[in-house]
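The following pair of complexes shares a single chain, subunit A, combined with subunit B in the former and subunit C in the latter.
The block that comes next holds the complex of A and B.
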């Protein structure tokens, strides 16, 4: 292509630097926000004012900021659930199913201790850690299904994980609705509420315990990928499954391990959101909305290029976009789902920008 | 019993139309895992256009057109920009899911137009799906056109050398593929269940995607699979008539998804593929780059 005496050429990149990755990602997010500005315009709202209201609520409002952080932890854990398999080249889009199963097993632990009926005198020091472990196990088992099927039969993991999302959705409905074992006393089709004794500690509206766990996991996963043999094997498999097989890496083990870890992390996300956030402490009627929010994990995982530390600021941004999005929707009388629109536009913009990770645009002066 | 079967066939129509679209794209070597997204676009835009103009016909055209645009988008990203087909498909799915939630919400609720006439309950679109099945099979295996489509999906380099324009063939296949998905979505929203609700397709696009893997890329097997799934879906909605008091109605809803996984696993076993051969297009999923 020629432009004003310059030739525009595309050159294939062999690799990209960390700085390049950051620049491309930031530009992609800005472009997405710019595009969503048109949605604001179409709804008769000044985009600058819309975003200002959104970000102020999300990051500087005493009600909005804790909500943002709780959602960010949820998105961060969902991101990890996506990242671990994707580093091995495997697609886990089953975060929502895994988090439903994780939430069910975590609440199952509370149920076993009798939390549904009485539970006033339960010991939080015992039940809360068990609920966390329970959530991870439930999610991990749900993750083991696509892991085994992929590893053993090379079954398409995208379809399997997606099918499990719907299976999980209906199993939760069975458990909490119409006389299901986890139904709350109100009989309104929501799960039972955790008694105060086993509610996780809350500091200024933020669930600190799961926040700390999520941050520790970020470091742990970073170490796993960069410093351990298993992390090396996962990455090698992701780069070239055939070469990895020659090097003696078992595809079955890699698929199983990455999906179990991913599922367990999603299970923690389920415990975190339903089990610890204030005003919730139960599986709510609209649990499907939170399951769908887990799809931010895909975007966050792709932008962060599988780097768990880079995912932290991104999760915070997306947490803010969802909590702020909901807020401006009510405040500026937008129709439902501006945060969903953002999710979609962000994803496709990001996909378009993948191009710049593989090519560089070069201008050359005509000689 | 008749009613059960017509409801099943009506549901299978939608699975079949979407999956036939995907088969055409995959035969040309381009996978689109975002079937659900393209269908959501077709359903939502078709629904809105029909509702605002009062014309079902315009609604269908709009659904098909937006599907084709989504196909074009996928073609541009994967063929021209050599993007990863799975990543792009995911992008299309999430874009469709997110954007249609926002666009459709103001129109939530029933369409409120007279229903499309049926043949004692059977949707006329089932006949359309039958015609498409036969036509696509005929094009694939009996025409020069089909040979071109299959050759760019099997070995694009060889196809190019023998004079086939790989890029153009793939583009048209993927655009057609998107149009079919948009059409399937429009049939859902204007005929099968004319009520707009949040994420209304509830995984049908992903089942259609799975159907393509079951079908060994053959339109006839694909139609049979679609009919099987239409019936499964009906059983899961009304289990009491067949097998009363076994599971709660929610557990029954998991049924088609569980069966999808089971069949998918059977199809991917060595036992199965060694007997029925791997019909998978050789170059599926690989970007084509001329050197």
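The block that comes next holds the complex of A and C.
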């Protein structure tokens, strides 16, 4: 291509640095914000004011910021659930199903302790950790299904995990709706409420326990991939299944382990959102909306290139956009779905900008 | 188009230059091809042959330089432009549709193959073409029934039928058994009588270059280093030009005492990936200090056999003993741990991981070793140090052990794979096509390393397509054809012709001679 005496050429890049990746991602976000600005304009709102309102609410408002952080933790855990299998080249599209099962087992623990009926003097120090473990086990078992099927019969893991999402959705419905064992006392199609004694600690509206767990997991996963034998085996299998098999790495083990870990992380996300967020502490009627929110884990996982530390700021951004987007929609009387529009455009630009990980544009003066 | 006369320049390249990041693949290449000549382009891997070939066939555009075909300057946008001007290409890997007949394959892509196929007329024309070159083939046979040599001939016919006057051939003899090679060479010599220009691109089968070509152009590191009349060249001089230094062709076979059997294979059969029988009732043994060579054209069951022995494929019948113990049902990991080392034929797809650094690639054989991994944590420093040592010991050309494996040349990568496998001190080495695609220098290195391991007392199973290599290295030779050993011959006294005939499936001795 020629531009005013310069030739414009695309060159393939051999590699890219971490700094480049950050710069490219930030530019992509700015481009997305710019594009969505036209939606604001079309609705007669000054984009600068719109964004200011959105980001102030999402990150600096006493109501908005905790919501952002709680959602970010949820998205972060969903991202981890996606990242672990994807590093082995396996696609986990079943975070929502796994988090439903995790939520059910976590609440199942509380149920066993009698939390549904009375539970006023249960010991949080015992039940809360057991609920966390229960959530991880439930999610992990749900993950084991695609893991075994993939490892033993090489079934398509995308199809299996996707179908399990529907199964999970309806199993939750069965459990919490009318007549279900986890039905709440109001009988309005939601699960029972956790008694105050076993509600997780909340500081300024933020579920600190699960926040700390999620951040610790980010570090742990980072170490897993960079330093450990298991992480090495997972990465080797992800880059070249044939070479990994040649080196003695068992495809069955890799499929099973990565899906169980992924499922367990999604299960934690289920516990985190339904079991710890203030005003919730129950599986709500609209649990499906949160199941859908888990899909941001896929996009976060892809953009972060499977790096669990890089996923943290991304999860925070996505968490902020979901909370702030919904807020400005009401506040500035925008039409329904501005938050989804913004997220959608953002995803597309972020994916499109991945182009620059592989190519660089070079200007050359015509000779 | 005017009549082409013998010796006319049909294709000319001037100053062809192509740059890739960090590399000049073609550096001002000038040459011309004349009608009626076989003009071999010789070069090691990475010398720029593939790039040049792609440019001449319109797959890649040069950064600089001009190409003239029949005296007219051309600018290829795609291979279609090249084909329309009379350039034909016979690829190294066949590009035919195996479920279709020979005739359908020849017609595919031809401008006349519109909505209605005139198969009858095409058949007559192709038959006439076959007659010219004394080639017999049933045009209605499905391609998957054909041997490699026949498939190649179909590709040649396809190009000729499309009107090719200049035929580019990529490693034309690489997949052929010796009798098929002979036949191919006869055919292309016949073609030159019709003023066709043939341009074979060749890595290392130097005797072939010498036997058929009139002129040779040698590439090294993207530049032309020699233009010779074949009559003035010798195998040694060509090798020297290619590698840039003297190459010794005679391997010193060390005198090693043959010891106890390390590998005993009893009646092993296996299916291939398509669930066809790939190997049938194979029995043999490999002893300490012995090189047991399996000679055969790829696709005759060597690969499934190697995989069965390495634990990557299930044996349907029979058993495998390693140092006297039954290992038939052991995993590949367990076999690595016990001392079976496998060098796979696909270095890039199986033997290494391109996106991994050399350190991480070395880990492929060390991640299970508790000396390098404690409590599940990899001792990165130790692995890196070992990588560095092995890079020096094996003379791998790389700026650092942190370079990704995909950036290594074929020869260097194979050195790295050998280093990884041999450093585990295996008692049995299964080397599947260890010198395939390597240039002369790297080939010599690999062969000498195998001999060193033999000297150290390892039993070696060498699988090779290269008859010269098998003959030079093996203590015993098993020619393999369609999944079976045709015989097991003593290496020292076996006749080249006998082995060649057996690996082509002829039980009776010496064929075509």
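To be clear about the criterion, the second predicted complex is superposed on the first by the 367 of 367 C-alpha atoms of A that agree within 3 Å, B and C clash if a C-alpha of one lies under 4 Å from a C-alpha of the other, contacts with A are read in each partner's own complex, and residues count from 1 in each chain.
In this section, a residue touches a chain if its C-beta (ideal position, glycine included) is under 8 Å from a C-beta of that chain, and two chains touch if they have at least 3 such contacts.
Quick caveat: nothing in here was measured; it's all calculated off a predicted structure.
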Greater subunit A contact set [subunit C / subunit B]: B
Partner chain(s) touched by A:233 [first = subunit B, second = subunit C, both, neither]: second
Partner chain(s) touched by A:246 [first = subunit B, second = subunit C, both, neither]: second
First (subunit B), second (subunit C), both or neither touched by A:11: second
Subunit B versus subunit C as contact partner of A:158, first or second or both or neither: first
Set of subunit A residues, in rising order, touched by both subunit B and subunit C: none
Residue numbers on subunit B that touch subunit A, as the complex places them: 33, 73, 77, 81-84, 86-88, 90-92, 94-99, 101-103, 105-106, 199, 202-203, 206-207, 209-210, 213, 248, 250-251, 253-254, 257-258, 260-261, 264-265, 268-270
Of all residues in subunit A, those that touch subunit B in their complex: 39, 91, 93, 145, 149, 153-156, 158-160, 162-167, 170-171, 173-174, 177-178, 180, 292, 295, 298-299, 302, 335-338, 340-345, 347-348, 350-352, 354-355, 358
Subunit A residues touching subunit C - in the complex, by the definition given at the top: 11-15, 227-230, 232-233, 235-236, 239-240, 242-250
In the complex, subunit C residues that touch subunit A: 21-22, 310, 312, 331-336, 342, 344, 346, 349-356, 360, 363-365, 367-368, 373, 376-378, 380, 404, 407
